[in-house]
């Protein structure tokens, strides 16, 4: 991993970071120029806070995507775990009050759904796109059944104040996200799970030829993604104070967007956690910045599309070559 | 042997599904209900057909539904003043926008996901900006109204969509282009080294998916007598689901158009049939999810795909 | 003479979903009525999960069995679905009552025999009502921010128009910014945060196009200890909002009364099918398309709106004699 | 007399209708190097795949040190101490060399479950050292030249020595087929070295290699084991007899006075440069001429060829064809102008595994196979069937999926691609005989001659000096990216030594 090697792995990630990094910088500079208040510490905190949950989702998604699969179930998982946590800790509906145990238990649905996704892909060999899409529908349906017209309100104050609070001027959620990011980085670069994920994405057949237990690591990746989506759902509930079926509304597309504009390839084998982190930041800064510089809501969708394009153009223009395969 | 019957799996699954719903709710099998089913499937069919071509190339087009919505808005806004001509104009426009996406994908070598995600934002953003909310077609409806009709129990929209699919399928089989699409989907590098202009093929494919988005938008406008910026949002995933249920692989080069037709009908039965057999609608998403996955599990030909992604 | 055996009548409530209070209450209202009318076995719920195309398909999907005795009470997922659903009704003989808003140039009384009525919600009034309360709450001066609903929907546009109308003659009030949060609570939170970072103490009040977003913004205010210190208003009158109003964390909301919306259409249908009222085509226009009386909920009256109501509360309004008791006049 | 370590008894394996292995019995004794030879498609790779757990036999028995061996996958084989180098590269392009070499066996480089990259690279370096290679363990594998990757493959399998406590069994499927002389030497030395401490099963099409390092040789033919010979009675003619059921006339190794018209028409390269691969390249290739390029791995010759086909655009310089300067933006441009290219890496660059023989062969010329706008399926079929016969491709059904073909037969398809429906003006052949059995090598050699005589200019990167000298009319030698020697057609052919001098 040391930089001194001309083609060392970290070095490689470094120049892969160069593109999205530049895009992010330009975006920030641009916004600051138009609206100086954008560059205040207060707003940095807000951006960090906004990026927290997407970042957690992106970390999980990245491993799945590195392997060449995809996880569309995260919105359903978030909903399921949101309802679960709200029903398990002190709340307006269930009469249960399991406290921190309840919070831990609330992650299980995520882990479970992720695990099932993995089994569907590896055992039944259902394409991940379809397996996880189905899982989304099922998880979401279950969440709606539980919600049943009266979403459980969370009355556990410590949980609420964690969700809304800050530590050393950084929002607690952002801190959790940073920990998850570090955890993801180590996983990717220093463990078999991470390296084999890259291998599987680089060539699943070849990985099997080399005798790697491919299926096991695929299941693991979906499980991690499910677990982190669950965490995101739980944290989201801590923030808005109830079990909410729409807690993950729109997160699936934006997470995938973040991952790919970071430079991680959907066909697998290329990219990584840090890229996804940058992608997430680009989207967070964009959403925040568009409000700051006062782009009218009617146009924001279009502007976002345009920025996504230019950002990825900037990021990959120099990589173009006749034999470069892009799917 | 197993190979021989493989292609018929999707059809089997579809028939089994229809039969099941039919036994619970006999009226479901009535001719007018079946023809209704066909009619309801027409928009998804158009989206799925365009998507199939892109998936065969190994790409994906997430912008189709948004582009369809834009076209519906464009038609609704201009039809009253400019007359029937705008329909062709709208189709030309959507093909052009599709081609533009293909161009970025092929020439700037951006992943199709990124380009079409951006497209998704752009098209729906523009539709919103020019229409704000849904626009009723105040005049000139007849230019697209024929799509809403029904002859000999066959809904025109369905006949139209099925014909469009048929034409594309035939061309893909007879033209060299078809062969190159599969080659590119299976192994783009070899395709390039065989002197195939992969870039052009991609641009063409996205132009076609753009065209089919346009056809879908036109059909929706005809079905709802209006255009709306969010009219088709909810059809993107069902249309891709349909292609996969048909047995076309997301990894490219495996599958085809006839399969997509079956996939679309399956999805339509799932969307409407579940309600018909009268299970508590609150459970619908769960049943839908399970059945959709089951259908794909039965239909994907595992022998052709070494790696499942 | 009755058009149908009572036992043949089928009641269909067609709406988006039932996981959230507003829509769940639509369904509850429908069931309350079915029970009251002794038709609970004949009550059918259709959920489109936010899929407009599916809402139409679902309707057409059950027409193969006795359409002429079926009555649809429709919360349109989006305006465009009304036209095809009405046409389907005219073709098949199904009876249909629609709510909220429909595309322009479309009216029950324009040769739509099966379109019993359109129970319109005057979103402009709703917007005006909460805006006035908000203005008073901050004594007519200071900066405010506005959270819009899904920009491509009629309620979103009209409610915001209501705000603008009120602000026209409120020189003291400055609309600092307006953004959309797509009716969504989680989306509203970061938007509010961003505003707090950008405008800080300039923000004196928060206007939201529905309660969900209002509550999302409220949590963002809570995070910086401003909950209850800055007035917040919304629309819908969902239970949480009413609680927040009682607690003084929200100032007001406007309710179209989901229970009523979910039942009145069914009531109209039954009255028609049992021959207790003449065929809709004979009704005066203002009975075919009228505005619904809105309930403005503030700290003063919040108490009355808490908890699920009894059928008895609505029975008088379901009576074929005063189906129009909540009409505030023609909506065209 | 040593006891057998690995014993294969009456093993059969069929794919659909094809009997790839038919009742094959062989045995490998301790510290023995066993050769496995046979025509393309005779079942060699299949046998090795069975032994490495990659596919399960239909019938028969395999015993390792007396115990019955049931391999559910490659991992099992590895555990049992069986390692294999596959015929096609099996490296992961997006990982570092070190990771590839140690893949699946990183334990020694793990500290509490976490990678110790220093240790991992050190371990990998040891293996590379055995082959005297200076490839950086932290290089990204796909940044290596093809030959370099083959070396990594070998290093990967050598690692098995350290792993298994008792003598490992090493299966090598044509490990030398894609190497240049220098590397082949290194590989053969390794095999010699391994003899002491492990058993080796060695597949090759180069009989001279087999004869040199093998203690015994088995001959496969159409899935049957038809002969076994040991050192005492090796004999090329005898072995070929068994391989093909008939003796082979050896390919004529004299210049082959191909009376090509020395017209001015043809390809000229002027001051071509692409750093760091090559610079200031000048040469002419007139139509009907065969121009051989000699050079070690990394000499830049492959990059040069890829430039002429529009894959790696040069930084500067001119490419002129029939007096017209070419702008090659993408390979399609080259193909339109009549340039063909048979790449060295079959699996990745030559074959679309998912398509049939027919679809692969006609991919280049689809345009020429149309009646009106539509494909003329009948004509396609006819042409393809002709070439399948001409090149003895088995199985011979045009609809056979390419992925079902043996390595050599795939190679034939790749070659045919450029000849079906009209040959190009210039044909670039990068190791065209790679992986072909002796018979096929002879056929293709003759074919290449015929093509030249028919007026095609051929640019050749050959496997061996013999091949190079025999086939080429003129030869240029490349060293470190520059032309270090030129032997024009007029002069008498150079000797191997003369070429070597200029290469190194």
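Of note:
Think of it as A, B, C and D in the order they're written, each chain with its own count starting at 1.
Here, a contact is a pair of C-beta atoms (placed from the backbone, for glycine too) under 8 Å apart; a residue touches a chain by one contact, two chains touch by 3 or more.
For reference, the UniProt names are A, B = Ribose transport system permease protein; D = Ribose transport system ATP-binding protein.
Since the structure is predicted, the reported quantities are computational estimates derived from the model, not experimental observations.
The minimal number of chain-to-chain contact steps leading from chain B to chain C is 1. On a Cα centroid basis, the chain most remote from chain B in this structure is D.
Chain B and chain D, compared by their mean Cα positions, are separated by 44 Å.
Mean C-alpha position of chain A lies 35 Å from that of chain C. With centres taken as mean Cα positions, chain D sits 72 Å from chain C.
Of all residues in chain A, those that touch two or more other chains are 144, 148, 298, 322-323.
The set of chain D residues touching two or more other chains comprises 311, 330-331. Within chain B, the positions touching two or more other chains are listed as 128, 132, 189, 192-193, 282, 284-285. Listed by label, the pairs of touching chains are A-B, A-C, A-D, B-C, B-D. Interface of chain C with chain B (complex): residues 18, 45-47, 49-54, 56-58, 60-65, 78-81, 83-84, 103-106, 150-154, 157.
By the touch rule above, chain D contacts chain B in their complex via residues 309, 311, 330-332, 334-336, 341, 343, 348-355, 359, 362-364, 366-367, 369-370, 373-375, 417.
If you check the complex, the residues on chain C that touch chain A are 17-21, 23-25, 27-28, 148, 151, 177-180, 182, 184-187, 189-191, 193-198, 200, 215-216, 219, 222-223, 239-240. Across the interface of their complex, chain A is touched by residues 54, 73-75, 77-78, 86, 90-96, 99, 103-104, 106, 110, 113-115, 117, 136, 138-140, 143, 310-313, 329-331 of chain D.
Within the complex, the chain B residues that touch chain C are 27-28, 30, 32-33, 36, 40, 43, 128, 131-136, 138, 220, 223-232, 234-235, 268, 271-272, 275-276, 280-282, 284-285.
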